[in-house]
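Labels for the chains are A, B and C, by order of writing; each one numbers its residues from 1.
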Amino acid sequence: MISAVDITKDYWTEGRVHRVLSNVSLTVGRGEKVALLGRNGSGKSTLIRLLGRVELPTSGIVEQTMSVSWPIGWAGGVHPILTGNDNMRFIARIYDKPFDELKAYVEDFAELGKFLSEPLRTYSAGMRARFVFALSLAIDFDCYLIDEVMAAGDQRFQRRSHEELFEKRADRSMIVASHVAEIVKSYCSRALILHRGRSKMFTDLDLAFDIYNDL
Amino acid sequence: MSDRVEPAVIFFSMGLPSPLVEWCDAVIARLVEFSLGPVDIVSANTLEELGLALIKSSTSHFVVASRMPSDGLRNVLTEHNTRYVVALDDPRAAFQNLVTKYGLDTIAATRAVAGSCASLLNYTMTEDALVLRAEREGRDPLGTAQTIARHFALDVAPADIAQIVVGLADISLTSAPSDIDTWWSDLEEPKRVIAVSALDGYVEHFAGRGLGKLIWSRDLFFVGDDPRQPADRPIDITGRIRNLVFGPYIILPPGSWVATVVLGFSREAAEVSYAIEFIAGPRCVSLCRTTIQPQGDRVFEAAVFFTVEPATDQPISLRISNERAAFEGQLVLGSVNLTQQSRGRPEIPDELRIALDH
Amino acid sequence: MFWRGFQVQRRVVGALLIREIYSRFGRETIGFAWLIAEPLVFAIPVLFTWRAIRNPHEHGLPLMPFLWSGYLPILLFRHLGGRALLFIRANATLLYHRRVTIFDVFLGRALLEIGGNLTALLVSFAVFYCIGEMEVPKDLPMFYLGYFYMIWWCVAAAMIIGALSERSEWVEKIWQPYSYLYLMFSGFFYLADWLPLGLRNAALYQPYTQAYEIIRGGIFGTTVRTYGDPLYTAFALAILTVLGLWLMHEARKFLVLE
């Protein structure tokens, strides 16, 4: 279970307070898939960071009793100077997973071959996206944070990503921050709309998208 | 009594739903029975309803009791110089009658009396009408019964008339003003306000001072499309484009009207735009439609102009809907004030007519 | 916060340390050498210059050991403090990994600097020893203790600086002038014995002055009078450390990312 209870987040810039999130609450149980809908500036990225414990809320509580992934598909977790192998070693050590297993999975999934011993900054955008996505799936989490992903790679890779995430891991929890109605409606049972820092939960996904599209 | 089939004769008894008109219905029926033969009291407001009632019935003569007679009916009556009786009373007495005797709730009673007043407005104008007033004729049952008999040219002996009147003595035609006042002051404030504000304009009219302002309180409206939820509290606008407020489904007299719709908005709701529409009848014929954008104003007053055509005869409703899906916010209806601008169609100024004709 | 296996933390800090090394110095070993060389490149010329323009003895003390024991801690303070500025926001995304705490991140970076500094300490000592400018410290355990306190002070200070820099942009602005002024008042240039009484007492409240006193006490033994108080210093540094840890934990409320 992950829960954010009555979260408020303020930022101070140039002496003025800017309230980014205001009394936001969200609970995701085991196996539940919840969508996060919000335009730029709605506080969506901030909420994801709060759920990942990167930032602390100004008030309110974030609790986790499940293991939570970093935002899947997001490239901020890898260091560009390090090679693919180095990055994998780092992750393997942090999560106590045998390096060989991890490497085998990533090699097979991302199909980067020799590039794994090259620094990440030499990768093309597509390659980096594939690497990062593969790395995300190499560790088993109870809950996956998914942030606007799945645009990387060719059709085959996309299909495979889809399969790995939504089929093989169908019993996991997911928090999906996405605009794409098809994915959300197919897999999520609820949607949280964020608008100017305020949140509302909807169990009717069609209604949620109707409202979201008009925001 | 003869066995021949007699041509049907129809007698019209109209009025506000107060004891007076019920007495009239009964008196006319007895008078007809005495002079012509078996009679049935049917209830009909429109030509269609009248037609149906006649076909279904098996007697020869009818008293048509109408509380909201239509304009169409009036046109036909006027055309054929048919005589009728209009029984007027203080609208408040009619309201009281509906609530105490028939157990109607405030909203239904208001709707019925307001509709009745609106319908009868033009019925008092013609020569064919015998207008009875509770405070005048209501005090003299015998004299009134005689007047009615004369009006309809019914040949009934005075002694029989007296007997009829005595037989109906248990229906009181009028209440003492003090009784009405007592009952009204005992009525709970919110209900009293709803009824009085909707009916006061008509009280003015029947007193000869012209049609006053009609105020429709928010209790007469309901939320969305659900008649069970009155719009007397803040309404959450979260959701798709849809009706937020609807009602009150009350007949208005023909003419040009200006409605002032007062709405209150929460901060978020004030940023959405809304459509305000007046519609007529069950088929929701649009009389006018306007869009408002509060743009941050928390209280908004919209003036909406519309025309009720003669022979519309349809109850009028207001419909407020959001024009975009809304994430959050609340809207509250203040009130709807209606003022009649003129009694007929709006006139086109000469210069415009000339310009349009070219 | 810290009730996890020590093993886990060791692995995490180790992984962070390696990551830090590779990211700062690349994968070539020459990069790593710079870690040690950089402080030496500053220290050795400076020290030789001082030596050249001054008497070999000042205040009755051999100059070289005095300066050497003074300057390398300055470098440590500058490096740890300077690199602590805004380090949280620069590495905040590492916190997505649940096992990684902000303290781990800090420790990884700090260990690197400390390692470099200690190596530079050793190398520079070797150089000066070989040319006869310096001797082995008279009271070696005391010297170790003093330097240990010095490292502890720099770490605690860095935690506080790093955490506070997220809260206010003033910290970054003040850092430069402060680190220069630090040269004067920290004890680099003086022994507490040289100060007038009032100033001396005030100075001895500062953990850095204490650390210097203990270090100098270790180097010169009983030939000078030092006022180091190990007990008080440990106490003061413990308080500062707790403050630093708490501030770092809370700093996540004040991060401005994006």
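The definition used in the following text is that a contact is a pair of C-beta atoms (placed from the backbone, for glycine too) under 8 Å apart; a residue touches a chain by one contact, two chains touch by 3 or more.
Just so we're clear, the structure is a prediction, and the values are computed from it rather than from any experiment.
Engineer: Looking at mean CA positions, which chain is nearest the middle of everything shown?
Structural biologist: Taking the mean of all protein C-alpha atoms as reference, the closest chain is A.
Engineer: Which chain pair racks up the highest number of C-beta contacts?
Structural biologist: By contact count, the leading interface is A-C.
Engineer: List the centre-to-centre spacing of chain A and chain B in whole Å, with centres computed as mean CA coordinates.
Structural biologist: 62
Engineer: Using Cα averages as centroids, what's the distance between chain A and chain C in whole Å?
Structural biologist: Between these chains, centre-to-centre, one finds 39 Å.
Engineer: Can you work out the whole-Å distance between the CA centroids of chain B and chain C?
Structural biologist: 92
Engineer: Give me the residue numbers in chain C that touch at least two other chains, ranges are fine.
Structural biologist: none
Engineer: In the complex, go through chain C and note every residue touching chain A.
Structural biologist: Residues 8, 11-12, 14-15, 18-19, 22-23, 26-27, 92-100, 250, 252-258.
Engineer: For chain A, which residues count as touching chain C in their complex?
Structural biologist: It comes out as residues 11-13, 45, 49, 52-58, 64, 67-71, 76-77, 79, 81-83, 86, 89-90, 93-96.
Engineer: Note which residues of chain B are touching chain A in the complex, please.
Structural biologist: Residues 238-240, 324-328.
Engineer: Where on chain A does chain B make contact in their complex?
Structural biologist: Touching chain B: residues 193, 195, 198, 200, 207, 210-215 of chain A.
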